[in-house]
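These notes are about the structure you will find just below.
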Amino acid sequence: MTLLETLDLTRAYGGVVAVNKVNFSVEEGLITGLIGPNGAGKTTLFNNITGLDVPTHGRVIFAGRDITGSPAHKICRMGIARTFQNIRLFKDLTVVENVMIGRHFKTGKSETKGRFLNAFNSYIRLHQEEEEIYERACEWLEFFDMEGMKDELAKNLPYGKQRELEIARALATDPKLLFLDEPAAGMNPQETDHLMTIIRKIRDLDITVVLIEHDMKLVMSICDTITVLNYGQKLAEGTPYEIRRNQDVIEAYLGKEE
Amino acid sequence: MWNFFLLILIYTGIYALMALGQNIITGYGGMLSLTQAGFFAIGSYATAILATRYGWSFWATLPAAALFSAFFGLLIGLPTLRLKGDYLAIATLGFGEIVRNVLNNWDSLTNGPMGIQKIPMITIFGFVVNPYKKYAFLVVLSIAVLVAYLLFQRLARSRMGRALAAVREDEIAAQSMGINITKYKVYAFILGASVAGVAGSFQAAFTLSVSPGTYTFMVSVMVLCMVVLGGMGNFKASILGAFIIQLISYLPQLTGLTAVIPPQFKQILFGLILVIMMIWRPQGLLGREQITYRKKGGKR
Amino acid sequence: MKKSLFVLLAVLVVFAFPVVAQGGKEGASPKIGFIGPMTGDNANYGVLSNNSAILAVEQFNAKGGIDGKIPVVLVTEDSEGVPEKGLSSIEKLSSSDKIVGLIGPIFTGVSFAVGERVQNEGIIMLSPSATHADITDIGDYVFRTVVSDGLQGEVAGTYFAKVLGYTNVGVLYAKNDYSQGLYEGMAASFTANGGKITIVESFNVGDKDLKTQLTKIRSANPQAIYIPNYTAEMAQILEQAAQLGMKIPFLSSDGFSDPNIYNLAGDFTDGVIYVGPAKVKESPSYAKFVADYTAKYGVGPDSFATNAFDGTNILLAAMDKVYKATGKFDRKAVRDAVAATKDYQGVTGTVNFAENGDLVAYQGLYKVNKTTPEYLGTFTVVDGELVQID
Amino acid sequence: MGIAEFFQHLMNGLTLGGIYALIALGYTMVYGILKFINFAHGDVLMAGAFIGLFVFDWLRGSAPLGVWTIISFFLAMIVSMGLSALLGVFIERVAYRPLRQATRLAPLLSAIGVSFILSNGAAWAFGTRSRKFNYPFDNTPITIAQVVITPHQILILVVSLVMMIALRLFVNRTRMGKAMRATSLDQPTAMLMGINVDRVISLTFAIGSALAAVGGILIALDFKVYASMGTMTGLKAFVAAVVGGIGNISGAMFGGILLGLLETFGVAIFGIPTGLKDTIAFGVLILILLIRPEGLFGKVEKEKV
């Protein structure tokens, strides 16, 4: 079943078309890889889906709803979470606080969600609510084997751990769909292996994962399906096996052989 | 001597209220606002006008002052949706100047540069809190500061405080965590403004007269100094900062050295405090407050 | 660890202060206070008047002081021109210094706030420059050695209409209590005498570019322009009016008596007529005061400073009288002695106080010839009629 | 309103705008390179005016208007530009450089502090009284069909125009200008390209402060010299720079003139009470920031995700 699809999604900056009529779809329960050379428009596509940027044309459909142009915080609340290419942690907050912020809108009664009453309510039930949030945050840290460093400031973590913390924070929003923007960038092979295990564990939690990655070994070994972008356009999609043999993709990466 | 010390404590209280407000805007929200003086003025004038012209009691004007200031906080908070850092600082500074300008020129409402005199004193069940009897006034004021402190402290420890911190640390990441950043920025301004309005209300009830000359840019800078010196993101520190800055402010008088210390001494010192704190101790004397969390059913 | 060290340090510093502070010793010397803006935009006025108070006290002490043996101490506090600071100043003067009387404050806003306190504490206050009509209504401890806006405005308005024969004038005033009060006072009596104010423009204190306002006034073409402002602003007005080619006569107020006006706008002061302090023509005491003042400070006194000099001397004389009679400095007795002052011969002329603490005084009129003010005469208004005293 | 009055207002507005433009150029220059508002710019201007005043009075002595007064005026201006540039570089070294890696709030707060130290330090050292800066030339107004303008006003317009053009040429055409633009775009990369970023920044401050000194002296001729002279004028000039699009040199000029005209005509034609003149400036600022935060000629800068 298709969880998310974009219809003719286009984003132009003045004359430069960063994403051009892309039809990108994500199947529920699978790990989807999004690859392509630098400047192919992968991150722009992510931004347009997650509400940090607004498409010039086209639509984004998530779980049957048109979410085109919704603000980022609303999209997050619908169940799409993401990480960033350049890590964007709340650097001066502790590890556990970073994850707790992910729980922000998951608290309180649903009929008043996001309203003043809800804020008031959480003000009254402060202790109980905080304990709940804290407990859930700790569970996510355990998932990443990071409980021991929960009171560190985020900026003091080693690089690999910072990437994992960002994923933990995104997961804390209980997403149906998780976007990872180059999660393995800057990681050493051991860290990458650990990351692969974690991504598989995330899929086992029934969370659909989409990832941008340049590490081909990682992409090929964990993705169920792969979409390739080049110059803002979709070049190919299919299983890793198919992609590896696709002539267009090979040309895009290696250049045309004469 | 002791009386003078009490007076410093009273001014500390009034400024501490403003500093708490500044802290929620700057310390938590990370927005440099230079308009506490403007909200302070609005609160003062709300109390002065409602009390002298319409005969309201202080206790009725207090929430009105808070509401008026909050409304203007909303007005100035809205532009912040689009402004950052430097721009915001200038826009808020401009807003403070506009407030003073309007107060000075709207003669029919504010009595212009003459100001408003003979503001009635605070009464509690028929007992007059005469500002000349400083103990009584100090007690009332301290309760207000304490209440404000507790409310803010609780807010900071809730998910709302944490959301505000997230907005300060990284707006884009905060958005992607489901936080409506515009709403939180405006909230911060409204809260910061309303507590400054309350401070203004107390100021009017203490000096028993208001005039536009009080609410200068200097006041905003002093409040900023308090927050920076104490430590951003720490409400206790704001109160401590208010006390230290007021002590410095009245140091020449307190030590009886007015003849020796040049009159510009304290302004220069405030400037030095801003520069030195930024370079050597940007986190302030106390630093940001670390919150300890506990799990359900954990030890009390 | 480091944090607690900081807190400890802060606390230590805080508690060190009162120890260092000298706790208002009950010395033999009685103290009097001065409150005025020593910093801020209007510091100049505070400084000039404070100089007078210092001079008066020095001269008094040089003659031996109270009863020929006790010197008086003057304590100056900075109000920054802000009521809040004025309050802390009077608080400090009253509780730490235990002053017997107060000279100041300079501005109306601060004077209202401080006036309420001195009334409550029972300390006599003599303001050299708070001109607002209602100030002396605060209570019986509030006096002033400056004429109220009411009188100055009345003399100005009547003189412009009756003597100078103007039927329409324009006004350009700053949005501060002093200028606005004078404008309102002048306008009331000018219109009562059949004149018409054709155009009124104002500006904010600190504005330097007044060409817009002046251009509007130029187009309205009044017979004269009344500019009741402080020195720096008046200099700006005169210069820019000249730059706009305006040849309309200017009328002004006692703010014009600050000699600095001639440094700033000496080329444009010719022909200005202003209402200032009355003085006995060629009064030797006035000449001596100006000479002493200029010798000591390098600049001449403005009219507020002149008022402050008289105020200080009246207070000192009252203290002397009370001490000689009772052997101590009772605040109430000093107040009564000041109130009983009769025909005091000061540098501003003969000083008497009305029932409410207002100065019973006359106004002088001056016409500037190039950069020298020439005395036109002493005037007052009785029942709406202008009376020339000499 | 008569036609003569209209043109007089236009003239007044233009020259007031010229003053704002003159100072706004310095603001915009520093902001363009460093992306940082130098709050103390107005106070450097004040310092420049004081230095100029002292040197001019000393050189001139009691000489009558003539060639010597003009020469001493230029000498005073050059000395003042030099010393102000040193002051600017010193301020940058002490109060801003240590904060280059800190949060965005830090240098702003530090700059406010510097501004306070300078203006109050001057008030302490020189007193608060206004001092006259005598015109070095004959400032007799010129009347053309009832519209009056003074030589000084023309001078201000000419100098700001010349400065604008010179600055543009410097930034766009010279090697150092190129280094400045590179620094403005990306400091770390500029450093890797062999640009001495520290030197570029020092130079930026030196030029900005020298410009401030010129502005300070020129406006002091009309507005006098006093310790707080830089505060309000500096703020207004800053508003002008923002309106024109901060960082854009021509924009600063345009913003300055626009602000001068708006203030004048707001009061003269739209009947805004004259007491609210400053409100016009700040009102325009807030409005512009709301509608077009990058200013009229500014570039939109979007944060990269």
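By written order: A, B, C and D. Residues from 1 in each chain.
Basically, a residue touches a chain if its C-beta (ideal position, glycine included) is under 8 Å from a C-beta of that chain, and two chains touch if they have at least 3 such contacts.
This one's a predicted model, so the numbers in the text were calculated from it and none came from an experiment.
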Chain hops separating subunit D from subunit C, counting only touching neighbours: 1
Let me spell it out: compute each chain's centre from its C-alpha atoms, then which one is farthest from subunit D's centre? A
For subunit A versus subunit C, what separation do you get between their C-alpha means, in angstrom? 72
Cα centroid separation, subunit B vs subunit D, in Å, comes to 32
Would you kindly tell me how far, in whole Å, the mean C-alpha position of subunit D lies from that of subunit A? 47
Among all residues of subunit C, those touching at least two other chains are 39, 43, 175, 202, 204
Set of subunit A residues in contact with two or more other chains: 52, 84
In subunit B, what residues contact two or more other chains? 101, 104-105, 172, 263-264, 267
If you look only at subunit C, which of its residues touch subunit B in the complex? 3, 6-7, 10, 13-14, 17-18, 20-24, 38-39, 43, 75-78, 81-84, 87-89, 91-92, 94-97, 107-109, 112-113, 116-117, 120-121, 132, 134, 175-177, 180-181, 202, 204
For subunit B, which residues count as touching subunit C in their complex? 1-5, 7-8, 11, 101, 104-105, 112-115, 117, 132, 203, 206-211, 213-214, 216, 240, 243-244, 247, 250-251, 253-256, 258-259, 263-264, 267, 285-287
Subunit A touches which residues of subunit B in the complex? 154-155, 157-160, 162-163, 165-166, 169-170, 172-181, 288, 290-291, 293-296, 298
State the interface residues of subunit A toward subunit B in the complex, per the touch definition above. 50-52, 71-73, 76-77, 81-82, 84, 88-94, 96-97, 100-105, 107, 114, 119, 122-123, 126, 129-135, 138, 169-170, 173
Considering only the defined contacts, which subunit D positions touch subunit B in the complex? 31, 36-37, 94-95, 98-99, 102-110, 112-118, 120-121, 123-124, 235, 238-239, 242, 273, 275-276, 278-279, 281-283, 285-286, 289-290, 293, 303, 305
